[in-house]
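Each of the next two complexes has subunit A plus one more chain, namely subunit B in the first and subunit C in the second.
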Partner chain A sequence: MSVSTVEDQDESESAALLRVIVGGVYAIWLREVKRALRDRGQLFGGFSRPILWVIIMGVGLNPYFRGEVYGEVRFVVPYTYLQFIFPAVIALNILYTSVQAAVSVIWDREFGFLREVLVSPMPRPMILFAKVLGGATVAMFHGSMAILLSYFADVPISTGDILSGLGLMFLMAFGLTSLGVIIANRIRSFEGFGVFSNAVILPLYFTSSSVFPLDPALTAAQTRVVYPDWLVRVVELNPLTYAVDALRGNFIHFYQFDPRIGPLVLLAMAVGFFTIALIEFRRN
Partner chain B sequence: MARGLKSDLIALGVMVALLGGASMLQPDTSLQLVERSGVLRVCVPQSFPPLVNDNRTNPGFDISILEEIAKRSNLRLSTNVSATMGRDFNPANWRITRAQCEVVAGGVVTSVMTRSFLETIDTGIENGWVMISKGAAPAKGARIGVYPGFAGLDRLKLSTYLRDSGYQIALASSPEAVVQELKAGQYDAAVASSLDALQVVSASPGYSTNWLPESLGRFAFGLGLWKGDVTLKRRVLSAWRAMQQDGFVAQQRARYGLIEMPKTAGL
Partner chain C sequence: MALEGTTSPMQAIGVEVAGLTKRYGSVLALDHVSFDVKAGELFALLGPNGAGKTTLLHILCTILSPDEGTARIAGADVVRNPLRARRRLGVVFQEPSLDDRLTLYENLEFHGLVYGVPAALRRQRIDEMLAVVELSEWRDRLVRTLSVGMKRRLEIARALVHDSRVLFLDEPTVGLDAQSRARIWRYLHQLRLQRQLTLIVTTHYIEEVEQADRVAVIDGGKLLALDSPGSLKLAHGHEVLEVTPLDGAVENELLEKFAMNIVRTQDGVMTIRVDGPDFVENFLARYGSRIRSMSRKEPSLESVFLSLTGRTIRDQGSTARDRTLAFGKQGGEHTR
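Then we have the complex of A and B:
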């Protein structure tokens, strides 16, 4: 005959709770992934953005950045324009999908699913974590879709580049999905979220040195001769600049800033935005 | 449930297939234009041995390689000799433009700077300062003949290095002069750029070459295509890789005496 002690009971209770948490995280994550997969519009967006940006815009602008005269530098970066914008398009796909993934928070609130989840034994941080994890997974997948155009953009990618790239893409997706949740927590309607998210996504993208380079060979003073001071400052203050730079360094081995900054900023974005999202999620 | 999953996977497969298909589109017209004309035009300096020689039977390593690339691509190679190439300090003054040629060869340095206006294909030929000596490194106080040449290597660094190493320096006017002075015993050893050193060694039995430290400057040569001409670069690169595999490149290296040098001099 066995005698169960208080410690044994505590252990089995905590094991049961852990099972509930892991199962709950998995269920919410799977729900997010399935919903994204079934949202044909979102899937089509993940396909059409790289097509438009790499194939249409990249090819359209390529002749303006190509070499014409020996020794004459028209485009300071030692890569073609297509190669230069390719990592930025991966970032754009992640940016759109991450922020849009947070629309599910409004959706769940609207249809009562969030209330049901909130009364479950799952701790609130884990509910948010699972939702963000689901959104980040989908965003990372959309970013990976853009990699399929690497041959077209003449960007040779090794298996190592893909693996390290996926790590960076996940960090970026996690941070940006958390940012989307912060936005969704403040906006109560689908329409408002759509307008506001676009108002965040596009300025963030265009001021991240995604479509034009800040010449790394120039000093800070020289850069401010080429571009107006306010623009350089906005680019330098935009955290996405360093995220794009990290992806660019990973895929085409070209950095505009210190290579250590990008991963650090991505990590800070992931932790920082998730913490803010969590505080607001608890409060609401 | 299974039907839903199947439909999801089909939608996903279609998107991935469409992106993969789109990736096969031609990003530019550079190859198409060359194929239409049937001619691959290359801009080269008058002479930059052994990459470009003023000699029809042995036209130089770069020209021989490009002739083979053109042949394998069913094209004819047309050389456009530029008298100004390499003469002016500023390459923009050479006025070599896209209108004159699709490829630039004969001393194109595959540096980051060059890649600001050219797509480069590394041909595995390096240039840098090289010590030409008999076996062991020359002893302290030895008289070293230096032929600086026109390769644009850092002469100031070389001079400091040789003086710090305790050598006496004598300036030579040409590779031929270096050969003569070595033969006459006026120099114990000599220093020249690696390409010039090959000429000296081929005419000086018993002498061998060793790289001087990389810190004195070393750079790789290659073929240059205009930046943005991705489709043409792919064709040239694929022909170059095939030539590497079937031994053609090695044959040409041997033909032009482009021997592998030890990585560091025993100094």
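Then we have the complex of A and C:
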């Protein structure tokens, strides 16, 4: 092996690295998407979940969601219950699918596919980025399936709403997939998705002001007349509350909080969770 | 232990390992291991479970970093330039690392993309490699429909879709029937000639080690011996007697008398190391009428292994991940 060969390779090193990164990110992303489209169970869930929430629960509770008077306080949300939970159902679909994508991290690890990628010339951060990107794409797609129900929820949606909504949904999916990866990294023995569903998804979802409003028009004291202290606290601390609020603002133009908070929280979640996931991924 | 002399500078080196050391806490998994593998060589790593083989392999594959020492794959340093080293090495892990839900072609395409193989070359390589391992007709089937042996063949094909010059195979034939094993070795020999590959193989099957150019025996993180199978047998091999005693009394007597020579007792058969020129004659004179059977075995690599490590090559028990794996294999949800 002459010395010149080695030098030639040095020259093309950056070109080769670029080809590896572009091809690799595409390959990992494509794998996630293909696997998701071939998983009938997941597709079915992505479709049936919003139907259950909107058409059964939403329609069922719709008549009971009215302005109510609690003592001196009049509780007003100028929307029907169906309209109110519709954006939250989009968020729920994204939440489920993101976490499912993260669960595939566990299987990749346990069944060895992760090694195939780890011994490849892909730089580690790019592996994780592509994986999260793929998971987020699928989650966004599942979120879009919920949008299809907008007619039943009586939510008129413009093209502009859909485009800005997709942007928010992508940020949300990216952040939640990263969060899922962080959790997956801590799981050593895994026996089912149910654990995730009960321990992560549903608590986050129910405390995100998704199925009941915390009316910000009320003072803190007034809100606490309606709800117990601790619940208000939990809802306010849950970052998903602001993510759901952003979606709600986008699709039904009703914000419970300052409209600037939602997108900021979504961005912070995406960047923050991905950074943590990345630090952990490099350490292992 | 005198190791074989270093290769001359003119000769291309496939893998260079110098002073590799790895500790897990207070356990020394690798203890200053050094050796060179010539380009194009078939090199076998032999050692019981926990000997440090896997640690060594993982360091060479750049998924583990050593505490001390260096290793180079076709000239690329695995610590300082892992990305370059990875482009030159192919790995077939013991446990399959294929994506079951993708087709054969998609698995290979994935590999080609991740290794940055240009499109035209990628397609050509994939077709070529599928043909070599005789899986061309299956290219659009999902991997989950393949047998274990076919998966192994696909993994070998995959490791060669990029320009790998050194191919690591961790137990490539474990769990396969004799026919599949022979087939895999046929492909490996063919590819070795076609691509001037350096092959580094770990295996439990002694007869597979026989065909290696050189064998490294590793135990307790140390390199115990490194030589051709023939020389190893000359230097460390022993002739052994496999004796079945007539009854328990004889067995006890033998156990007492040859305590130093008995290598193992398994299923009523005692393996006794032949010690000195008159050993067999004396043994027969004394016990000839009190044994059921006796056979005399030429020095084998197994006896080399026994005398170097004091252990037989055996499989280890299950791991902590078994529950998760079992769940997944039953078709755990949203998994494969």
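Note that in this section the second predicted complex is superposed on the first by the 255 of 284 C-alpha atoms of A that agree within 3 Å, B and C clash if a C-alpha of one lies under 4 Å from a C-alpha of the other, contacts with A are read in each partner's own complex, and residues count from 1 in each chain.
The working rule: a residue touches a chain if its C-beta (ideal position, glycine included) is under 8 Å from a C-beta of that chain, and two chains touch if they have at least 3 such contacts.
On a predicted model such as this, the values are computed, not experimentally measured, just so you know.
Of the two partner chains placed by superposition, only subunit C is touched by A:Glu116; subunit B is not. In the superposition on chain A, A:Arg38 makes contact with both subunit B and subunit C. When the shared chain is aligned, subunit B comes close enough to touch A:Tyr79, but subunit C does not. Of the two partner chains, subunit C is the only one that A:Gln100 touches; subunit B does not reach it. By the document's definition of touching, neither partner reaches A:Leu237: not subunit B, not subunit C. Judged by the touch definition given at the top, the superposed model places A:Asn62 against subunit B, while subunit C stays out of reach.
Legend: residue contacts after superposition of the two complexes on their common chain; A:Phe152 is shown touching subunit B, with no touch to subunit C. Shared interface residues of subunit A (contacting subunit B in one complex, subunit C in the other): 34, 38. Across the complex, subunit A meets subunit C through its residues 1, 6, 9, 13, 16-17, 19-20, 23-24, 26-28, 30-31, 34-35, 38-39, 41-42, 100, 103-104, 106-107, 110-123, 188-193.
Of all the residues in subunit A, the ones that touch subunit B in their complex are 34, 37-38, 40, 43-44, 46-47, 50-51, 55, 58-59, 62-63, 65-82, 145, 148-154.
Residues of subunit B touching subunit A in their complex: 4, 8, 11-12, 15-16, 18-20, 22-25, 27-28, 43, 90-98, 104, 112-113, 115-119, 224, 226-230, 233-234. Per the touch definition, subunit C reaches subunit A in the complex via residues 12, 61-63, 74-75, 83-84, 86-87, 89, 91, 93, 95-102, 106, 109-118, 158, 320-321, 323-325, 327-328, 332-336.
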